[in-house]
């Protein structure tokens, strides 16, 4: 099978307009004859459900949480980019496009990224109209802040809770459609499989998490908006419930998985304190606007700091190494996330790490407080400072924060074409669930932009084209394919429930996380990855022998839910390692130690690796098959990223 | 730290529940409250017992999924945080901690400590939105909004829908939750066209769900993890009476 | 009309009724305490008895009086209805009592209201009911020399049972004959149990209004950054301190007089 990204012809800036005209339309009276299934209600899912409902389609939306408002988009803090150029500082659609392509280390599809930059401006308008209370200036106009990887201020924000406000906006639009009867909402339902008929996605199988009922749902198309898979690392900034199960089961039904090894490690997280830790807490990248990152100049001073014999604010200015400002004078503390993270890791490896564990560097606000006053700093970052204080019991107004990188976002995901269709016709992937727009590294404040772009402004057009082509013939769950898939799911659930071993699924998850972080984290080597592959295969075999799953299916059973998700994460982990092994170059968040510049920066190999890796599932315990979508660049010139 | 937990266990809404005592041993003061429960659950699982069921997700205080009525306080004794942000250093060694689910007629128990808060969703569905379709909206800067108004609207919009206000109120009233959305949209120019219709629909749905009435005790405000102010309720009242008693336009059940 | 019914039946509508009747009763308290201050006039009850007579015989006041009785009943009834409804909203109570930061009075409005209701029943039975129906209640005749302003008082026995009061002037002497409620007041307040009950009831009034007055404004939606503090100030000092103290001072003062044998 050859991959066809279906990128429209013509000049880059006109592709989307032209494509929108070329797409087939479904006439208004026919729209109500189509049923659309949407899984996940984060920014992408809620916005898609609301918009498709408004257009007249019958939508069924599913989420595993108790309310669509809980989706993890809610935790995004910093902001959302848009090429509005309200600040008159030289921003434009092309600059946003260019920054995103460059930030992604030239591993994203040009056409998709340009479309994203184009619709970014509409997203802000839409959200304002919904009543999202963005930050404003005294004149009443929208305020912007700057963010990593860009030299213009184009980030719109709502204090440190932008994701929450945007999601609640989308949630309110979704609620309006639920009230109007156009969207039927299924909460506490977990999607466990995709039903395909003649190669087309026609429905899903779900488990009702309250009663255990395994149900089938039919539709003309299935949209997966189920987020990313950072939790494969066990410790990440994702919510505990965030999982890969929906995407992974879809993968096993024929959807190719794109660039699974591209994971983003976020530089400003609160360091780990111990084994009990269940998740990591991110603090918005916006902190790097005013905070200065430093480590002690020598390992001796670091040692004193770790022991607590010296306090951070007592370290003399000359003994501090503001390593980002030193190495990247142009971007300073605002270098992209992968660069910042890797530099922090280097400091720790040189013995200059601080905090009890030594796995941390400082993020210092003393200068900002001196310059702006404590009140201004509080107004900008108050909630983040409070959060830091709650968790660490240290006052960041007095002592610099300790930060360390943590897994935060996965650029990889289900492979989709320009229309957001996976390799299974009728099965779409939106938002973080797909691989499409961020290449090998995502810029800050771009995830919210992509989720809403896909849901509000892309899928309503591209889905119509597919629906118009297949026609409105009713899809019925009486088709034998539904029963068959349902039986597969029941068998899988029963297999999990039969596990009465000695280790909890949580313990397996933690072990998987250790393997992934150690060998497939911020720096990856061929040797390490090969070792990790063996470890994961052994872990998988052990899981299916020794895991403990308590309770029964016909009740609320968190143990069962967890087991299914961990089992899928283990399989995904192996694919990530295969992908990381295959990609012998370094790019963005994927850093292969074998491929670096003399200064230790990621060194791409455009000749051999300027492609998207799309993996095809070939059966249980079979090696997956690699397909390549060659990336061609017309508008930008590939160069070594340089933020100095 | 070693602690004794008195935890409410209840298989589902149909069966009766009871308190069961558990020992939580070797708890680090740096753990969050939910991580402490994770530790207890791991040991229960090892013994083949059913782990304690509780709602949780983001574990950073924003999704609103976690709940728990801890020693007489929703989200525990500290102000302005959720249970997932509560750390064990707040408690002392040897303490007995009583953990109950939210108690309200409108929040039936799902299992153990988890309750069904879908009543909140239904209230939002009744009118907690601005009726604009995707596309065709004016430029984001077309309508200037005074910073103080935008900030005030944000303060109301920060509600995470956790239900602590209901849990804290002696009347199990949901008015802080409902009024926060009404106030947010009522303050912003975008919310004006539906302002008086919205307040009526949302209050009607709130009444239908079986929440109690507000007696302005301020317990909700004191326990709200996002510190949403009681003033929101007064604003809602004002809008409601204004809508009901002084507006002339026909009030009818809206289609959407 | 059905829309009004629906409004008043909503949870907010019921609160509106509580607030409006409550505030009306608050204004009444001001009038009541003002009038009753006449009890401190050391004039053998002359001004107080005249005032009592005026209140019961001036038609507009009579109308307001009946509105007042209605308000008391409606306020109590709706308080009861809301309490029952609020209890139903939490059928299973918490094992650990709530420790949230809410004032004691705000959490005990029902209890305070019940004490007050009991008080009102006794209070009205003792004074209002007797004043209107007790045929044995005596009359007083006040003869004021208009030249000197000197007032002489004596018991008066009306010629017929229908007599309520009269004012006449004979030879520069104004003669006022009215029912002697003042004697009843003095009699009642010479009983220590009665006095203690009154003082407790005024304590209940104080705490009830400490929360109730400002709460009514919140219910009506009248909050304002600038004026809400004024409401709090009035609610606290006037309604929760000054008025209950003045009311409580009356039985205490009369009890004190009775022990001094001044009558």
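Just so it is clear, A, B and C label the chains in written order, and each chain counts residues from 1 on its own.
Please note the rule applied: a contact is a pair of C-beta atoms (placed from the backbone, for glycine too) under 8 Å apart; a residue touches a chain by one contact, two chains touch by 3 or more.
Given the structure is predicted, the values throughout are model-derived calculations rather than measurements.
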* Counting only chain pairs that touch, give me the topology of the graph as line, ring, star, complete or other. => line
* In terms of Cα-based centroids, which chain occupies the most central position? -> B
* Starting from the mean Cα coordinates of chain A and chain C, work out the distance between those two points in Å. => 67
* Asked: Distance-wise, how many Å sit between the C-alpha centres of chain A and chain B, to the nearest whole number?
  -> 27
* To do: Measure off the straight-line distance from the CA centroid of chain B to the CA centroid of chain C, and report it in whole Å.
  => 41
* **Multi-chain contact residues (two or more partners), chain B** => none
* Asked: Residues of chain C that touch two or more other chains: which are they?
  -> none
* Structure fact -> In the complex, the residues of chain A that touch chain B are 47, 50-51, 54, 65-72, 74-75, 84, 86, 122, 124-142, 156, 158-159, 161, 164-165, 168, 171-173, 175-182, 185, 187, 210, 237, 239-241, 273-274, 276-279, 281-282, 386-387, 390-391, 393, 456-457, 460, 500, 502, 504, 506-507, 548, 550-551, 555-556, 558-559
* Structure fact -> In their shared complex, chain A is touched by residues of chain B numbered 11-12, 28, 30-32, 34-35, 38-39, 42, 45-46, 48-51, 53, 55-65, 80-81, 85, 87, 89, 110-111, 114, 116-118, 120-121, 124-135, 137-141, 143-147, 150-151, 153-154, 157-158, 160-161, 184-185, 188, 190-191, 255-256
* Asked: Residues of chain B touching chain C in their complex?
  -> 6, 19, 69, 71-74, 77, 98, 100, 103-106, 168, 170-173, 203-204, 206-207, 210-219, 222-223, 230-231, 233-242, 244-245, 251
* To do: Using the touch definition up top, name the residues of chain C that touch chain B in the complex.
  => 3, 7, 10-16, 82, 85-86, 88-103, 106-107, 109, 211, 214-215, 217-223
